[in-house]
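Paired with subunit B in one complex and with subunit C in the other, subunit A is shared by the two complexes that follow.
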Partner chain A sequence: MLSVNRQQISQLLQFALIVSSAFMIWKTLSVITNSESPIVVVLSGSMEPAFQRGDILFLNNRQTFVDAGDIVVYQIKHREIPIVHRVMNQHSNLQKLKQFLLTKGDNNPVNDLSLYNRNQLYLNREKDILGVVKGYLPKVGYLTIFITENAYFKYTLLGLMAISSILQRDE
Partner chain B sequence: MFSTIKRLQDSFSAASTFALVLCCLIFTSSYVQLLHDRCFDLPSTISDISLDTSLKFSRIHGSLNKKPKENARLTSFSLQTDLSPLFNLNTKQVFVYLTAEYHSVNRKDNSISNKLIFWDKIIISKDDATLNLTNLKSKYSVYDIEKSFNHKNATVRLEWNIQPWVGPLIYGSTTGLETITFI
Partner chain C sequence: MSQQVIKKINLYSANDLKNNCDDNLPFILSNLGFKQDFKLKDIEIGLSTALALIGGTTYLVDKKLSFSESYNYTVILIVVYFLIQTVFFVFMKFYQADIKYTGINLNNNKDTKDKKNKKNQKDQKDQNIDEEINKIIIKTTINKKQVVPTYNLTIELFDNDSNVKKFDSNLKFSSVFNELGFLQIEEFQKIIKDSIIKTSK
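The block that comes next holds the complex of A and B.
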């Protein structure tokens, strides 16, 4: 009886180790890139054909200024979903190190002014930009879209993981 | 000792390691090829630029509360360049764009660096990568952060961005330069 408990505890610890190390890797990447979410999954088709739904993007937020032509991920104040679009116009104040940006999706006919807040003509480099897209991995993020958009799939997957971690024995 | 789950885990980790190594090899070889073909100083010719400015009053043209905003557009320009060396096994698309870069000083005497995109094009295949375009018009009506351009001079350049199938995004610009004045 005692040995069974010991094994279950060790399995629980192993599971906790996996979860906490994944969390630590994520937070370390966050510190290195200076971005609150250094890896994002593309959710819309507004940058097609460059990025499709489910593609993974790697971001960096260390640079002071963003260049026109760069692709950025931005989040407007009080909005939930971050947007991946290309910078069309940039104006940088070289003394105050402030920058104002206008963006557009490659697949959209017009610029993003209609997506910004009322009376907002530019994005603020410091406040609105989550990161600049540096790297690309196709399709791999589709799993997360599938999980977030299918509640049943999510719970089945979580249940299976929990059951297998309890039942699995190290021999 | 060898359970089904363990086997699945091992083959999954082997497959992902292999895929990662393959991605690195693909990126390195394509980048070496770009360097070998001197892709970072490809020649280009931008000519016959004529520019027109006008006052606009709508938000889509950068105006707030119906205040006049000076907008500029290119009424015609010509472009010659060959971007086909940018296409290799890791090129998904090339985004070419015509930029105007200029400096200005604001009311508080801070120096401002500006860059605007007049025109862009997405090229998907190597066959379409040789550009010999005449009598083009700018795609976008551009405006300064101030209410007018104030007769500044700007440098016009053709720049490109390679969207890869996998790996880092690559940016560069062609060597052709042209100067315009916002009248």
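The block that comes next holds the complex of A and C.
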């Protein structure tokens, strides 16, 4: 009886380990790039033709200043969804290590002022920027879009993962 | 204490055959007078629980604090996580490896003075498991490179002075499973017992 229990405990733990390893690898990447969200999926067409809906972007947030012309991902306070746009203007103060940015989507006719909070004229490099785009994979992110937009699919997938890891025993 | 695991197995699924044999080792060895020692399994469970807990703590820190507030804690947790992960990997790869059973002989006779007398009696006791055996380790692997997969057993016996005797054997699954896919526990037990007796000689 006791040994069967141990077997079951260790199989349950195996599932916990899969989940926690995935999470820890994500956090490691996050610490290395100094970015809250080092990998993002493009959700809109505002940066076409550079990026399309479903592209996966890899970010880095280690540099002190962002250059004009870089593509950044920013998140406005109290808003959930991060935005990928290009830096139009940058103003930096080298002594205070402060920088303010104005952004615009390549495919949008005007700059992003209307997307910022009320009375906010610039993005704060330190507070608002999640990272600078360093690389991308086209289209791969469609799976994520599909998962986030279909709640049932998400839970089905999670359930199947849990069941298979508990039932399956490989050598 | 240990229970027999009765299950219908697909006779062509080598992994399932092996797992079923492995699962029945505790039952057979308790019939043969051994008590299972869970030390290795407990270390495995302990390490993986620690890993899961650190993962959970990191998740909580991530939820409760902002990115910059949680940064230092996260770095510490990540370092500890990967240290334990390394220990866990080494343990599973090199220590636990193929060990499927560790047990202590309940009939072990620690009285070494009797050794000589016992050796004289040994011929009569031939069919029984040697009382000088203190500890047993069984490692099992599966050889799938052959025409028909074989079950490889390595038995290590330790006597009271920690001397080791080792014996490798292999058997075809067809010799212990019937056509319906059920493990013939008596056959399997006999093979294990014979192997232990052979090893102790």
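Methods note: the second predicted complex is superposed on the first by the 162 of 171 C-alpha atoms of A that agree within 3 Å, B and C clash if a C-alpha of one lies under 4 Å from a C-alpha of the other, contacts with A are read in each partner's own complex, and residues count from 1 in each chain.
Throughout what follows, a contact is a pair of C-beta atoms (placed from the backbone, for glycine too) under 8 Å apart; a residue touches a chain by one contact, two chains touch by 3 or more.
Please read all numbers here as calculations on a predicted model, not as lab measurements.
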- Message: Quick check for you: in the superposed arrangement, does A:L17 touch first (subunit B), second (subunit C), both or neither?
- Response: second
- Query: After lining up the shared chain so the two structures overlap, which partner does A:E80 touch, if you call subunit B first and subunit C second: first, second, both or neither?
  - Reply: neither
- Identify which of subunit B and subunit C touches the larger number of residues of subunit A. B
- Check the residue A:F100 against both partner chains and state whether it touches subunit B (first), subunit C (second), both, or neither. first
- Query: Counting only touches as set out at the top, which of subunit B and subunit C does A:R6 meet: first, second, both, neither?
  - Reply: second
- Do any residues of subunit A touch both subunit B and subunit C, and if so, which are they? 171
- In their shared complex, at which residues does subunit C touch subunit A? 1-3, 5, 15, 18-19, 23, 26, 36, 38, 41-42, 44-45, 48-49, 51-52, 54-56, 58-59, 62, 67, 71, 74-75, 77-78, 81-82, 85, 142
- Would you mind writing out the residues of subunit A in touch with subunit B in their complex? 49-51, 65, 67-71, 86, 88-96, 100, 106, 110-111, 113-114, 119, 121-122, 133-138, 164, 168, 171
- Touch list for subunit B against partner subunit A, complex: 1, 3, 5, 23, 59-60, 62, 64, 92-93, 95, 97, 99, 106, 110-117, 122, 124, 140, 142, 144-145, 159, 161, 163-169, 171
- Item | Footprint of subunit C on subunit A - complex, ascending | 1-4, 6-7, 9-10, 13-14, 16-17, 19-21, 23-24, 27-28, 30-31, 36, 169-171
